[in-house]
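Structures for review follow.
In what follows, subunit A forms one complex with subunit B and a second complex with subunit C.
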Partner chain A sequence: MDEGGKVMGKKKKAIILCILIVIILSIPQIVKDEYYLHIFVMSGIWIISALSLNLILGYAGQLNLAQGTFFGIGAYATGLLMQKMGLSFWVALPLGCLLTAVIGFITGLPTLRTRGHYFPIATMCLGIAIYYVIARWDDVTGGARGLFGLPRPDPINLPVLGALSFESTQNCYYLVFFFVCLTILIIYRLISSLSGKRLIAIRGNEDLAQALGINTMRDKVICFTISTLLAGLAGGIFASYMGSLMAENAHFVTSFEILLNVMIGGVGTLIGPIIGAIFLPILSEELHFLGGWRLVVYGIILILTIRFLPFGIVGGVRILLGERFKKEG
Partner chain B sequence: MGGGILEVKNVTKYFGGLKAIDGVSFEITEGEIYSIIGPNGSGKTTLFNLITGFLPLTEGEIFFKGKKISGLKPYQIARLGIGRTFQLTTLFMQHTVLENLIIGQRQTRELGIAASIFGYRERRQKEREAKQRAHEMAEFIGLGSFKNVPAALLPHGAQKQLSIGLALAGDPELVLLDEPLGGVDMDEIDAIIDLIKKIREKGKTICLIEHKMRVVMNVSDRILALSYGKKLIVDKPEAVASNGEVIASYLGDQYAAHS
Partner chain C sequence: MLGSVYAMVALGLTLIYGILNVPNFAHGTLYMIGAYFAYFAIVSFGASYWVALFVSMALLFVAGILLERIVFRPFYDKPLINSFIVAVGLILVLENTALSLWGPEFRQFSGPSEKVIKIMGVMITMQRVIVILTAAVMIWLVHLFIKKTRLGAAIEATSQNPDGALLMGINISHMRGITFGIGTALAAVAAVLVAPILLIYPAMGHTVIGMAFVIIIVGGMGSFIGAVLGGYIIGLLETIVTSYVTNFFTEAIIFGLLVILLAVKPTGLFGKSHG
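Right after this comes the complex of A and B.
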């Protein structure tokens, strides 16, 4: 009976998922307003970033405060490869991701050896250091002026539909949707497997995980590398979509915004960061009239969330639905 | 049966200027229940941490099945076949009994991350095996009816049983149990003692740290008594219980009078 219930649940989930995908795919056909479409595209980019941070923070339990920096590295790497080397977006993006992952791997090796509060502190310092490299390295990154005139992805030739250009926001929406799905798929595959159980074990109690024969350092480094690779992916798409980059894109504030998306949506859940990354950009637009005071509002929201909803919006909904609420150890 | 499975040779451990373990040597024989007793602070748990690689040795060597393990990392030692529990009951508290036991399985630590993302057959196969073995382990440790209960909600005795189950999950040959009866109610003690005996019947070697003397005297084949990081005596329970030094430093005159 239990098994039967599970199968029914799976069918139901698949139907809901299909309906959701149809709705998401039809949005650009219904919403013709460029401005809203732009917000959706940005949400997609933030979803990838938030999911990437959630992998290392929510599952492996390591608070990386440099995720925005890795986003920036991916963005600058992809942008520079396109502009200075004349590479196509489709070549520059994988290379940009790879470069971000290599930097993630190299910086992960020493920083992930630390425990407790030292990892966030180490990554924060790393983020600030890399930000200054980007902001001051005038010859390569354009320094404070930034990078301009980055091309959109080259058109791709589809068998039936013909050439697909990415000059329109609408088509960029589909492009981002594809990469969001790819990210969700990779993360879902990882966390739903026995390897995902290892990550959860590391978050729960690293000593116990080691006593069970789990090579925690190796898992943390691989997880961190994948996480930075995905942040680089988001950055690379951002660079090509926006067409320009500022050093601010790699700033600590970007890391903070990604963290906010994860925390408010629901850390350690698959759906939470997605909800957070959709909700916050909309809120941000609504609060535009406040100018810099927006960040104060963000701060207050974050404090209230951590205090009352440690698992964010998803956790809140679960309480309302009366589901078993997994409280941190 | 009969060979030395674990050999501790002249092990010394300093914490700063404090000599926590002072030139201790002993050998655990395959298949026995070997207990370590001694007053608080005598170095029992430190010894466990040295054996399992959680602390580096200052001097000496440790061998497991003839292979030198001192200097290896905790996960490497665990993979060679030494399971352990921790003095403070350590579990993945927000996860169910079954999930805890799945995490402890060999299959879980073997599946690569690439195979998790891109693989299909190996991923499924390993998951099925791990689940199957976790179910069996839940029955073995007597928590068959609590499989889907989060560890945090278990009674204390059941948590201890689960922590022993975790130590056994990777199918080790030597199991180190650090106070498996610590803080456990009288009516829960028997279940754990039975479990310890069952583990031995499966052919595993057990090293036990415990303060409940009646249990130690009852289940142990041999007992090592420590005091201030020094080995006092290794012998059969009766001999240890009547040893003058052990009585003076740990058991107390009252215990001697009772037995």
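Right after this comes the complex of A and C.
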């Protein structure tokens, strides 16, 4: 491709992006139905968690089965800081994320030493262990009863528009949209940087990457820590938005749901997890009449996707477009 | 008692791992299904305990072969991560099928004998003795099967070197199916044995599968003796921690110890190095 084509491509992309942003921003003005707005907000939260998992799974090639647990840690940390310490959401959320990242860092050090089969197993065990701590630590987390009455984010005072409160679903939608953009930006910066390339090298062949002088352990731990931080972010927003938490939010079923979003959308691409996280909650609503069978269908979809479309919807679209298969870097 | 159950579940898991190279995350779910089969054999069809045990074992053996054939076989030449995710999908399917069909409530059936006997001054229920003895017999049988029969030797060969086994004229696909069947049948036996003491519910496999993975990591993945010894060690450890330290954070302590072990020796206590 010559230089001009590249510039054109960039311009085109920028235009498409602008149109998309306008559409996304205008959705709450068009869709007045609270229920659908709620689904969109949830989609946003799932997008953040799916992107966080995709960072470690799609780029560094490490299947972390405790991502839902870190989501739960972030949710509980933010919720407890608000409820027990009386902190504002805007203080509690960064602290909650930070705490999640610290736990991610500490647990990442030993688990990331393992390779191949051992890493998913180690993280699954980790997830079960942390789940039990949350489910049984009655004095702090409310145990099996859960945590109730968490406040929505405090209003922020804007210079021109006045106070912006987050009591309405509509404003929460914008709040989540902001954090989704932030997450995409962080991940985009990370994977376009040199360390992103190093992560992809680790996914390809860890021994080879190490032989080439990459400090694979360091890169993996950094990636894992950022990934848990983002999962914590999603959890923190979830806590404040929903107003209540159950120990189940930290269960490994949550990890599975996040994994499902990533795999259905397309692992290892930036857009894939976003598509998956928008598509699945809608599918989930459509399948509501199935009751408990919904998750059975999920499982079957997951297996079939891996079987026939290992790169999810994005991979499928690429095959349809006949594009030479290449992974986004 | 717990040790016996863990040893059997872990043994099944390690057999499957050894030959398929897949950590079957759905093993605990199959354990749960085994318990339900026995429950329905007893409650709906009026079968005796031992018949139910056998029926559940046979059904799960067949189920294991089918699952290997339909679900896992297409993924052998694919990246490892695909098999993990397929196993996760299988958990979703099986567990929620159980939940939808049979509901979340706890169920229980009684064992063959409710008697309490006294051994060397210790009171112990008959069921616990049955668990310990049956588990020991089953483990011994599996050991004999692998070491003394031609089929067992073929399975062992496949786990040691699939390509070599193929060259010797062993049908690897069959071996994988049979091993998967044996592994899940063992899980079923463990579940039926322990069901009269614990309870049956759709999520009953969660802790067990976590523990079983701890065990095969401690014992070294794919190691027979490691799984059995590891099972008894972890079972004992869990009992000791529960009785003398705390019963709140037992799992957390054991999984925590595992993470530390992994950090120090990533291949387990009896494990060979991995690539």
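Just so we're on the same page, the second predicted complex is superposed on the first by the 324 of 329 C-alpha atoms of A that agree within 3 Å, B and C clash if a C-alpha of one lies under 4 Å from a C-alpha of the other, contacts with A are read in each partner's own complex, and residues count from 1 in each chain.
As a working rule, contacts are C-beta pairs under 8 Å (C-beta built on N, C-alpha and C of every residue); 3 or more make two chains touch, one makes a residue touch a chain.
The model shown is predicted, which means the values in this text are computed figures rather than measured ones.
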* Considering only the touch criterion stated at the top, classify A:K197 as touching first (subunit B), second (subunit C), both, or neither. => first
Have a look at where A:P120 lands relative to subunit B and subunit C in the superposition and call it first, second, both or neither. second
Winner on subunit A touched-residue count between subunit B and subunit C: chain C
Pick one for A:Q210: touches subunit B only (first), subunit C only (second), both, or neither. first
Classify the contacts of A:I186 with the two partner chains as first (subunit B alone), second (subunit C alone), both, or neither. first
| Between subunit B (first) and subunit C (second), which, if any, makes contact with A:L17: first, second, both or neither? | neither
- prompt: So, A:L109: does it touch subunit B (first), subunit C (second), both, or neither?
  reply: second
Given the complex, residues on subunit B that touch subunit A span 52, 54, 73-75, 78-79, 83-84, 86, 90-95, 99, 102-109, 111-113, 115-118, 123, 126-127, 130, 150, 152, 166-167, 169-170
Residue positions on subunit C within touch of subunit A in the complex are 17, 21, 23, 25, 71, 74-75, 78, 80-82, 84-86, 88-97, 99-100, 206-207, 210, 213-214, 217, 221, 248-249, 251-252, 254-256, 258-260, 262-263, 266, 274-275
Listed in rising order, the residues of subunit A that touch subunit B in the complex are 186, 189-190, 193-198, 200-201, 204-205, 207-216, 219, 222-223, 226, 324, 326-329
Within the complex, subunit C is touched by subunit A residues 57, 61, 63, 65, 107, 109-111, 113-118, 120-122, 124-126, 128-130, 132-133, 136-137, 252, 256, 259, 263, 291-296, 298-300, 302-303, 306-307, 310
